[in-house]
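Chains here go by letter, A, B and C, matching the order in which they are written, and residues are numbered from 1 within each.
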Amino acid sequence: MRRLRAVAALLVAAALAGCEAPARTLTLAAALLPSELPAYRTVLDDFERAHGWRVVVVPQQYADIRRALAAEAVAGAGTLDLVELDIYSLAAAARDVTQLDEAGLAAELAALAAAPLQAGRIDGLRFLPHRLTWQALIYDHAALGAPPGTWDELLAVARAHPGRIGIKGALYEGLTCDVLPFVWAAGGSGVAFDDAGARAAFRLFAALAPALNRQSATFREASIAEAMARGELVLHLNWPFAMSLFAAQGRAPRPLRSAPLPRGPAGTATVLGGGYLAIPRGAPHPRMALALARYLLGAAAQQALHERLGWFSARRDVATGDGDELLAGFAALRDAVRPRPELPDYALLSRLWQDAFRAVAFQRVAPETALADAAARWAARPRRGG
Amino acid sequence: MRRGLGATAALLLAAAVLLPLWLVVKQAVTPEAESVAWPPTWWPAAPTLANFRLLLASVELASGLRLSLLVGGLTVLSTLAVSFPAAWVAARRPAVDRPLDALLLLARVFPAIALAVPLAVLFVQLGLYNDPGGRGLWLAHTLLATPFAFFILRAGIRRVPSELEDAAQLDGASRAGAVWRVTVPLAAPSIAAAALLVFLVSWDEFAYALVLQVTNRPLPPLLYYFAAFSYPGAASALAALMLLPALLIVALLAPAIRAGGLRGSGR
Amino acid sequence: MMRRAACWALLAPLIAVQGLLLVYPVAYAVRLAFTDPLTGAAPTLRNYAQIASDPLFWRAARNNALLPLASVAVELLVGLTLALWLSRRFRGRGALRLLVVLPFALPEIVVLTMMRYVFLPRGYANAALLAVGLPAVDWLVPGSPLAWLTVVLVDAWHVTPVVFLVLLAGLAGIPDEVGEAARLDGAGAAARLWYVTLPLLRPALLAALLLRGVDALRLFATPLVLTGVEGVPVLSSYAYHQWADYGNDAAAAAAASVLAVGSVALSLPLLRQREGW
């Protein structure tokens, strides 16, 4: 009985460990690494001082932010004032966020490059580019010396380091982002499975397949970066966050460095990604949220994010980051960045690229067979509206 | 010979259980660069508190801890309040027992991941979603923990002969009074065990917490955030903090476990 | 005795909590599973047709049937061995019982995070193998039998204590005299276990089987955290994949409903077998 009372006392104490009263507080959910958060907070200082509002930054993965947004949208009420979403999920999230007033944002919009701004227009302007990202090659300088500059050199690395080439081969959009750069680099359109570029890229994949790390079938952005940090890989493709992570772990810029993607028969290309800001339909403080978004898009904040976090800006007046050792490979690819195909059936297209790659890389299906299968499924897709 | 076998088995058991725990503690005080290095170390070469500092600097640790404790405490109160009367009826009335038993087991069949999203939708409509006080999560945890509490309490009440309640009533007590004065004190070990286990269920729970508490996060989703972004040191530091109550609870339950287990305590 | 109304009043809170918080989500999920996500037409079997055409779904379904079997078998075997061992009287028994129970108290996310670091290609398990001169092992290669086994072992590490506690309590309920009598009749240790102890332990074994079996069918985080969706898929992680990676809640609900129906079908016979314990 005495034990019972002690337990009860503990529980009451726990229950009384009170609630808080949030006033003049904005909540921003963004895909920030733990080690990025302190620097990001310093960027917000000026905004907080100027407006007298506190900004609570909730660092989360894009998938969790999307999920939260979707759940809050059902009721049209919630706790998030401003969210950062990845460029890929903008279309799906469009109905869950408010349309922005372009007139009130005229000064910021004028400073943005046209293509990233256009990506934020889905049924009106809803998303503002917080940062731009694209993939580059990340390689182990100690193991390779120089990064492979061409497809042939890439194959030579694969032969010299069997099992230590990584691809984000899980069934998800990230795999498409690893596949498309190769298709484009061979002159493929990315929207057809039977053009010469697709065939050349998939012959390369078939040649790389024996050298792929065996975890590749489940690798995603974070797990492949972890394998790289642990020295299980000598190279892989990833987004700039990975370099930030490696730096925090003391693994970059030595031995891990970034480089441009290997040149294909038709040049070099990489996929545009990015974090976009949006105001949820049920945001508690939409007007302050808009003020915060404007502040974050401003020249001062974008410059600070670039300097302190190494982020690339969509603003034309912010430095491009040449000379930053950590992100040199990314900076060198700036002109090779391409948006993903804009199609109503993009989700299916993407899934078919994923299936075709997995067939070739993990089931050793012949490239021509896998591509023909994808082409047939693509041709047989149900068309909307007619 | 026999003794040697027993000692070997005991050593193996200790290694299998304790070694992973040690690795959590070790990684918590190891610099990230050492944690990702190969081959891994078994003892921190350069112990550091940097992981704990990162934890404090980068996420809402204090509010997460408070929320975890609050939801755990409330869940214990509500779960016991809901389960005790039902467990008493079930213990005293076999006719009620069987269907209730089946209901509580079958209630656990539907996968949590399929329930969490509709629950989020329901709680949004009720204003309980992502509640700073964790009220929605509290309800979900009550749903989750009720079967545990029910089974433990029922076993505890069964061991109190109903004749004792009858005798107390003959002395002039009401039925409720008899239960309060006779059954509750005699079943106290079971009640305490149920309370501790329910707290543990809530403290450990991950899936509902991930979906229902988006910005006001308790500790498990916070740990997931560090692990997902592959910060082994920071994740281990938070994991080490989360181990403490679990160890405390095992220590509190130790007499019962040493004496032969908690009858009916199964998850 | 108790009046019917009083009886219902005492049961009401529990039934209300379980009922309200379960019925709504389940109904919502069922409606979702039978609604066409594009046109909103209902009822339709489109979502079921879609998952049925996905090879990953069938791998998940097969794993979801086999993993719980292996998992529960390992847990019963290990749990029973430990319970038999630690129901003897010897010094240090209490401490060992605590040790066995400890993993169950640890938060699942902590266990899985830690076990991933153990079984990574460059993790602690392989470091230990190399240290004693054995070759490193690829524990978690997607789709490999070893990855499957690793999932079973990690799950067993965490939840065997449940089986242990139930069986230990069951053993405590068997009077010493029963075994003693059999021994005097000349029965050997194996015969005593098989003909005396196990039959008397049947209710506890069934209870452990039922409790763990229902939970094992819902296996989710263990394969997901250790191997990702594609490594060792199960229906819960497949549903999560449809929802999180493709935003397809309808397919997710359809997969979840397959699991729920399968679980009920498998649990009912066990439930009928069950006696008081």
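We take it that a contact is a pair of C-beta atoms (placed from the backbone, for glycine too) under 8 Å apart; a residue touches a chain by one contact, two chains touch by 3 or more.
Just so it is clear, the structure is predicted and the values come from calculations on it, not from any experiment.
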Could you quickly compare A-C and B-C and let me know which has more C-beta contacts? B-C
Please name the chain that ends up farthest from chain B once chain centres are defined by their CA atoms averaged. A
Centroid spacing, where centroids are CA-atom means, of chain A and chain C in whole angstrom: 35
Need the CA-centroid distance for the pair chain B / chain C, whole Å please. 17
Among the residues of chain C, pick out those that touch two or more other chains and give their numbers. 122
Which residue numbers or ranges of chain A touch two or more of the other chains? 67, 223, 226, 230-231
Would you give the residues of chain B that are in contact with at least 2 other chains, written as numbers and ranges? 38, 117, 121
Note which residues of chain A are touching chain C in the complex, please. 63, 66-67, 89, 92, 170-173, 214-215, 217-220, 223, 226-227, 230-232, 347, 351, 362
What residues of chain C sit close enough to touch chain A in their complex? 56, 120-122, 138, 140-143, 227-231, 241, 244-247
Quick check: in the complex, which residue numbers of chain B touch chain C? 6, 9-10, 13-14, 16-18, 20-21, 23-24, 27, 38-40, 42, 81-83, 85-86, 88-89, 92-93, 96-97, 100-115, 117-119, 121-122, 139-140, 142-143, 146, 150, 175, 200, 203-204, 206-207, 220, 223-224, 227, 232, 235-236, 239, 242-243, 246-247, 249-250, 253-254, 257-267
If you look only at chain A, which of its residues touch chain B in the complex? 1, 3-4, 7-8, 10-15, 17-20, 22, 27, 29, 33-35, 37-38, 56, 58-61, 64, 67-68, 71-72, 74-75, 77-80, 222-223, 225-226, 229-231, 245, 248-251
Partner chain A, residues of chain B touching it in the complex: 31-33, 36-38, 54, 57-60, 63, 66, 69-70, 72-74, 76-77, 117, 120-121, 124-125, 127, 129-130, 132-133, 185, 188-189, 191-192, 195-196, 199, 210-211, 214-217, 225-226, 228-231, 234, 252
